[in-house]
Every structure is written in C-alpha cells, then in structure tokens.
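Quick one: the structure is below, and I'll ask about it shortly.
Naming follows writing order (A, B, C and D), and every chain is counted from residue 1.
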C-alpha cells in the first residue's frame, strides 16, 4: 500500500525489455546512435511537426534546462506557487538559469487562473534595468494537485503570455495522465494551444530514468547541446535513454499506463467518497488528496500504509483542515493494482 | 571493430540482471531505498573507512559536483592540460563551481609531474583578492593517455598539495583499470596515499549509467545532497543506480571487467608492435595510442574500423607525428574480444 | 521640487571636501591606504566591537555581496515581498548568490511581522535535498515604506531567526534615518539586537557612491575579499570611498543629514495632512506616501513636480486607492529645503 | 618615488573639478541625467559612429561585463596568459560569464602573435557539445608588458578571429597610452581595425573611478542594462561617473595625461639604459620592466622606492633573470614628475 509517489514504482516490463534489447552490440555514445536517431523522428511525428528533442535522466534536469534555455538570467518565470519547480527542485531553475527568478502565483487546485496571471503582469513592476523581466509562464500538466488544465485554459494563458512577450513552458512530468483524461493528442495539448517548450516525463509513467526537453521551435535550441553537456546531463550510453522513451511511446504504451494510473486514482477517490472522505480537488490525474482525521491517519500508517502529508495554500474555500485533521496525498501509478486500492480502503474502513 | 570509446559497449550482463532484479516491488525514491543503503555500507567497507557516497548518472556530473564541493568559486583546480575536466566537459566544472578556474599543466603521458606541480604553485601568482586561490589538484587515474600513476607518484603529489593547502581529487572514470594494473586495493590507491575526493566511474567499466562521488572525509559532504539535487542529478528511482553499482562491485566484477579490457589493450599493443607500430605511451590501462600513416588510417576506416584521431601536446620528445601521419586512439572495453583485436590487426596488416 | 528619490541629491559639501582632500599625494590602491585603515578602526569603534568592513560603490552591490556571503546557493532569503532586494535589484542577490532564492513575505508598512515570519518558517517546506534551506532573514531599516522597525521588533525577529538557524541581514540604505528617529546607537540597532550582517548606505545619505558591508562576526568574512574583487567591486583608488565614509561619519554628519531629511519628510507630511491628504503609512524616515486624485497629480507634474507613482500590496486595510486616485511616493533628502517643501505644498494647494 | 601602479595617483585636477561642478543641483539617478546623455553623444562622436556605452566604477567590472555580454557560458575567451583578465581579476570573467573559460596563450612582450592565435584555433578541440566554443579574442592595449599592438597586428588578429566566428575585445585600461604612442584616432584603433567591444579605462589615466564598456554594434547591447544592474554596477548618482569621463575626454585631456605618463616612462627607461639597465620589453606605454640585482633592489626599497617585483613567462629569449636578480615593474602616471624619475635614478645610481 505505497501511495507515496509514482516514483516508488519500478520500470514497466516493456520498457525494461527495451533496455535489455538495446544492449545488443556496440553503439556510438552521446546520442550518436540509431535508437536516438529513430526516436527523434518518432517524437516529431507524434507532435506533427519538427521539434528539438533533448533526453536527460531526471525531471528536475528537464525543467531546469528548458527554463534556462528560454529565460535570461535577469528573467522571471511565473509559475504556481506550489509548483514542483518552485518548491521541490532545491533551486535547480535558478542554478541552471544563472540566477533567474521564480515568481509564484496563487491559484486553487494547483492551477493558475488567467485573471491572476493577467493581474500579476499588470501589477509589476517588470523589466527595465531594475526589475526582473517577465519571460516565461510555466504551467504543470497535470498539476501537483492532480488536476488538469483544459486546453481552453492553456490557450487563454498562452495568449496572454505571448501578448506580453512571454514564452510558455509546460512541466509535463505527468503529461500522459493529462492527455488521456482530456482525450487529446500531444500536438493539441502543446504547440497547437500555444506551448513553446515541454518537459516530457517518462519516469513517473514507467521508465527507469528518462525525461525529455522538447522545443517546438527547433531554432530555439541553439546552445542546448552545450548546456546539457556542461550540466553533466548528456548520458554517454544514451541509447538506453532513447530505448526507454521509444518503448514508452510505442503502441501508445505511455497512454495505457497513464490510463491505468488514473483509473486507480478514480477507484480510490470513489471508494473514499463512499467512506465519507470527499477529495479536496477533482481527481483528474493519478493523485488523490483527502482530509483524514489524525487518529485514522496514525492507524493507517501503523498498519503499513505509505503516503505523504501535504501542505498547501491551494485548498478551496469550503475545505478546512481542522486541528485534528491532516491533508494527505495518495498517488497511484502504472504499478498500482485494484488490490492495492482495495486493501487500503479495507484498512481505512476498519481503522 | 569499434575502438572509439569504452562507452560504445553496452551493459555487462551481471549488471543488467541486477537492474532487472531491482525492479521487483516498490521502493521509496531519491535514495531512500534498501539497495542504496546497502551500497553505502558496502562502499565504506571496500574503502576500509566511513565515506560519503553520492550516485549520479554521468562522469561529467561526478567530476563537476566533486570539484564544486571542495573548491570555492574563486578557487583554481590544477589539472593536466589535456584532462577530461579541462577539455571534454564543456565547462561543467566551471558551471557547477560558480565560475572556478581550471589551470592546465603540461606533462608527458597525461601525467602531472611533481616537479611541474611544485613549480606552478611556486610561480603563481595565487590567492589574495586579485588572483585565483589554488584549491585542488585533480589527477586522472588511469589517465587520458592510458597511463597509470604509481602510488608513490600520487603520494608525492598529494604531499605537495596538502602542504600548500590544496585538496586532491581523482577523476576515476577508469579507476578499476588502474587498480588492476597496479594490483592495489581501493583504499591504498586513494585516501591512504592522500586522495580526498574520488569520482568513481562504473559506466565505462560496464554499467548503464552510474558514477559516484566519494568524499573520504564525510564531514566534507555538507551541502552535497542539495548540490546534487539542484543540479538535476538526484535520480528519483535511485535504486537502479545503486543496483548497477552493487553488481559492478559484487565479487570483484569491476576488477575482472577492467582486467579484461586492459588485457585486450595489451594484446592490441603487442600486435601493433610486431607490426611495427610502437605505442606512443606505455599501455597501462585500456587505451592504445599509435601513430599510423594517413593512407593506412584511411584504409582501416574504409574497411569499417572505428576510432578517434587524437590531438595532444603530451607526446614524448622522440615521437613525432609527421605530415603524412596521424595519431590515433584505440580504446578497448569489457566487451572487446580477442576476435575484435585480431580482426583489426588482420585488417591493418592487409591494408 | 524633485521628490523622486534621495539619490537625486548630489554630494554633501563636507563629503565632497573630503574627496578633494583625499586627493593629495599618492596612495596604494585596493584599500591598502591610510584612509581605509583609519576608517576600519573608526567603524569598529562606532559599533563598539571588532567588525569586518567592505566598501563598495553601490547599495545593490552591498546587499548582494552580504547575502551571497552568508547564504549557500541552495539557501533562501526571507524578506518583505516589496523589499529592494526582491524587487529593485534585477536579481543581483540571485546572481551573486549562485542562484539562491528570495522568498517574499507580505506585511503592512513594508515591515515583516514576527507572526508572519514564524508562520512561513513553520509552513515550509524547507531544507532537505528537495527544498530551499531557509538561511537568512533580511529586513530593511528604514523600510521601503518609510517606516522604522522598533528595536524590540528586530530583536524578536532575530530571536526567531536564530532559533531556526537563520542569520539576520539588515538592508541599511537608509539606516541613519532609522537611527535618528529611534534615537539609538549603531550598536543598539544592530548586533545588540541580533543583527549579523549590515549593508550600510552612505550614498542616499549624502555620499557620491559609497556603501559598506559590515559583518559583526569578522570570522564570517572568509572569502569576502575574493568575492568583492571578482564581482568587479574592489575600487582601485579605494581611498576615495573610504574618505567619503569617513566624512559621512565624522562628527555625526550622517545623523545630522538624516535628521534633516526626516524633518523635511515630517514637514511635508504635516502640510499634506492639513491639506487633507493623510499619509498611508506613518512617516518615520524620509519618505512620504499619499493618495492623490489623478487630476491633482497631473497638475503637479505639469507644474514641474517630480516624484514616482507607487504600487504596493502593503497598504493598510483602511486605505483604498480609488480608480481616480494614485498612490505617490515623495522622498526627501539632506538637500531638501523648507522652500522645496513649501513650494510643493503651495503648488498642491493651488492646483 | 611610488612606481607601484598608475592607480596610486589620485584624480587629475580637471576631473576633480568636473566632479565638483556636477554637484550643482539635483539630477535623476541611474544615468537618466543630462551629463550621461551628453557623454553618450560625445563618445559616439569621438568614435565616429553610433555606439552603446555603459559606465561602471572599475576596470575589472568593465572587462567582465563586456566578455559576459558576448560570450556564452560554454564559450572560451582566448587571451594572453598573463593578461589582467586571466591573472588579476580573481575570476571575474568566469563569474559574470556564468562559468566561461579563459584560455591563455603565450606570447613575448604580453602580445598574442597571429601565428600563435591561428595555431590554437586550429589545434582545438573546440565546440560541439563536449568542448568549449572559441568565442572571443581579448587583447590588451597597451599590454600588461607596457607594449603596444600596431594597428596592423590588431587588424590581422581580428581578421583571423572573425574568420573563425570569434569577436574581438580590447581591454583598454591603458588605451590612451597606446593611442598617443601610435598617434591614431580612437576609431582607427578599434572598430576600423576589427574591434567589436572595448573596455575603455579612465581610472588609471586620471579619473577617480570611471570605466566604460563600449559596444561598436549597439544591437549587441541587448540585456546589458540588466546585466550591469544585477551586478551591482549601476551607480545611482551616475552623473558623477559621466562627469569624470566627460572631463577626461574634454579637449583631449586623456591624451595629454597619457602622453605625460608615457614621457615619464621614456625618461625612466632612458636613464636606466644609461645606468646599464636595459628594459626587458620596448617601453611603449607607461610601464618599464628591468632586471635589477637583488642587492640594488633591496637598497632601493630600503630608501623608500615603491614598485612591484614581476613574474612572467613572456621575457624575450635573450633576457634571463639570474638567481641574484629580480625583474621589477615601474609604472608612471599622469602624476609622475620629472623629479620623481630623477630622484629614483639618483637613488639607483647611488645605491
């Protein structure tokens, strides 16, 4: 009953097999191999356009590289105040970006509202020699609150961003979970609604360690090979990263795995609702947030359930975490089974 | 006949099996797993002392993190002018180190001579507010020239370094190749002869992507967890890095693999000598450097041989690369077979 | 009628004379001169303890150097969300600090309340490898809102900071204005109430370009000479910076100049109150903030009055800037005369 | 008898008067003043073209800002191995440039020879993701050895640089000294022979603290205002920097002051030659390098002479510093008098 994170799961079998398969023979290092080349074409095909693709081993690396590439050191990244880049990456964007600034915006359910974004841009101060230059809007899809931006929301945010000279970055550590919920194509969910740069995650979705930075305008990629290398992020036996990604995408595996993870979250949320525990935010990806009595929480943990307590300022007004209560996050993954959910719920009901 | 690099090899079977084995069940991320914990104890045991251990996915990352940890931004790293950190990492040490300086020293066979090191320290200028502070001596073991420092050499360099207030870093991307040639223990070859920090490579030796920074004084590790994380180098499913390393070390596999790679280099060198091509530097690890006639080089390549032309200022005085000649590097690995060497030599003799 | 900033004033006559006087003869550069040495002793005397003193030409430089010295790259500086370091220095602290983070706290009148500070520390998340480490509390004295922290407030904030392992920095660009209002000594207002590092400004107070970083524990100054030099902030003819500072402090000139500036602000505030324009925050230093009708503002500017419109989220609840109103900042300085104030008020009354 | 540096001199009277004059009245800060505006036009006029001009208080700042502006973090600056940027700025270019690399070239008399420059570019390795990208050639005019590049030399170096995609930077801390020796115009000595960026010094020449970065293609200046500000190098009362520069240039004062300093160096060199001490390099600016017996050196210092011992690898083959000898540097300035030189020589002859 481990709902601590989707990175507690191992590697999806098909991806592990791809790694084993990629081990045949020799191959040139640093991405000069056949698998990496093949993947490049495949990703372009999937996004219905030429893209610049850079594989890296971690999501923090993907985000930080992506942002550093499109934001000057004196630029600001506007993001949700509880986003992964703002809170959970120990300053990686600032490090890679030569001291850029992250400006955190509030927003219910981990989402930035167009009105709030517009207001922050209007309020300023921005630019000139004295103030940071607003350079990028970064949104997380699916969000850290397990919610999903509708394409209209992305489109509206991107329109505001572009009108003010900002680019749009998507932290897509759980991008597949959003795609399958929205039932849209990768192209629809990115450049077709105004996204300029995407951190596309495979690790949480079932890979061993494989993430990608995708620039939808390949001309924007100038300097990225050097940037990745000097960050120690160019893996020498790169074919194994490419093989993971290829298997992840092959036959829509990534979407199947995400669909399963989402379904497990739905199953958990439904059972929790029946047990009287309404989820704090709509369950739209693979994360479930509920408020539990402290005593129940203690019993669950004592019985071996594993999950994180959560702190947020993003709870809707009608949810209050009482003194004897605790907000918790339950994350499902491709590896979560019906039985895992059912055992947890049985435990909860019997605690 | 791919002698381009030891990173053209894939993953050693036992290491790949360890990855597959590590895939059972769930495990907490970011190194809070049983395999990582086990490895920590094992590495300490191997080095006969408590050490601080940090796994990362690339050798460039290991070097850059290690140096940034022990050199202030205004510090200088003294290293061989053709070392990997100086030439092949696109400025990673400078990036991680907040703009530190690499000062390249000349030296035959990729090695820094004690006399040269002492002279550079004496010549200066060093320190004060105006000049860089000499902070670390970094040596590569085995060197980029395929040679190996004797322990006495390391000891003497370390003594000079410590006397002047510098720490000693070893870039050990091919550390195992040196150990087996010298027939010494890991402890003998590091802290017992004055090494303070080691970048210990497994990737070139047979892993998929696994390197380690080892600080022999764990008290020096303060801030390293944050440093690694914000560099995007903390792999979420860290058990897979630890599993690679564990299998690499298990039963002395790393030494066996290195012994084989060295033996293949010896075989190659011996055959080349018989064919009249004396190696430029003594073959002490898994790299062979020879001067070939340009015409022969062209025929070898046309026939499918793969290796890199080499540029160096480190050639002994009695070797001259003529106008119609080319210096080339041939690298062997755990995956190189007798047949690979023999086919290459046959091709060479028949070209 | 220039109330745009206290940096629109030139140099106080006594300070200019000191520059002229310092021009006699030759002197060693980079601070190895008699004036700098004399100043060092004098500042220690003034603060009633040994201190480490570093002169630089700008306030942004002083703040950024001070913070970089006491915060690791993965550290966070907690400061008012409208503080100069957060808003007006184009990311200097992030640049000097290797990508550190500024975390902006709200607070009425430009001041951080102990309760808010405590809450932010409690809420987190802080530290570990994933989150920024809360490292420094930075307060501005006098604040950007022209208010002044009482020593008890500083003491309480410092107590909380130290209890949580944070150091306390004061941005003292207008430190003298606070001292004379509080009628306390420099020692009382700094280390005696828990301040660890001070950026002490002279420029706004009447110097040409002279600011200081003062570390109350000289042992904390290790590396600062190098840090200042490599930031291009070690002025070669340093005697001229030292001479400015010496004249600034001599005979309490700095306090006299600040007292005058404050008195001019009081005069302005009193006259505005009589004219029906209540100041938004108490006038405790040399800045006056009032809400004016847009039409009046336009007439004042047309008649030659010079001042900045202000944007803030720090206005008390009972002040609302209406659609036809504008919040403005009026800054006085040592060079402001009674006549300047009276002419402005006459203009205002007649507009 | 202070020949330690040209920064031991104070401020030239006309420049000090300009500072005093600039003190009249109020002026907007941060360069939005009439003097700065006037200077901008004047400098453009002087260089016979539109230029982007950025004033800063130190020469290290000017160099580091200039280089950071035109070199990516993964770029390399090729410079003389004994240049100020390489040796005397404590890593400022690396800091400002996000970890760029300085590659030091040897060369007699502080000058880079075209042949050597071409060879280094050819030898490499350069660029790609693994190696630093050769981005800028930086030459010092006049050099640290007190020599001066002929315009043909600059032109030839610039031609090579541009052919390989590098820009050309001139560290002109003593630019005036070179101009008057060469009897050429500022335009002739810069963009007309291929210089892209100039650090133009006034401080050593007679200012208090005023240096400029000049970009000959103003389109290259994008981001510079932010870069200067966040480095803490935008002086708030900027009119005083502009006033220094204006007075420095006014009526050719800078050339007169440099001519005087050069003449004093010539006088010193001539007298030394008569006394049997041949200068190591031709005296072409305001620096004189001679080899003295250690005993003489000791007597001179005991008698109050002040100058620096020098270490260099740039001495011509026919000069050898013997065991009982010392190479010393004697620097003259606008403030050096005939009497200073004569007293030093009398001392030397009588020692």
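Keep in mind that, in the parts below, a residue touches a chain if its C-beta (ideal position, glycine included) is under 8 Å from a C-beta of that chain, and two chains touch if they have at least 3 such contacts.
These figures come from a predicted structure and were not determined experimentally.
> Please state whether B-D or C-D has more C-beta contact pairs across its interface.
C-D
> Measuring between mean CA coordinates, which chain is farthest from chain B?
C
> Report the inter-chain centroid distance for chain A and chain D in whole angstrom, where each centroid is the mean of the CA atoms.
Distance between chain centres, rounded to whole Å: 51 Å.
> Measuring centre to centre with CA averages, how many angstrom lie between chain B and chain D?
41
> Measuring centre to centre with CA averages, how many angstrom lie between chain C and chain D?
35
> Could you check chain A for residues that touch two or more other chains and list them?
30, 73-74, 89-91, 94-96, 98-99, 129-130, 226, 229-230, 234
> Inside the complex, what are the residues of chain A that reach chain C?
For chain A paired with chain C, touching residues are 73-74, 87-91, 94-102, 123-125, 129-132, 311.
> Would you mind writing out the residues of chain D in touch with chain A in their complex?
30, 72-74, 98-99, 128-130, 133, 223, 225-230, 234
> Mind pulling up the chain D residues that touch chain C in the complex?
Interface residues on chain D, with respect to chain C: 2, 4-5, 7-11, 16, 19-20, 22-30, 56-65, 89-92, 94-96, 203-204, 208-209, 226, 229-237, 240-241, 306, 335.
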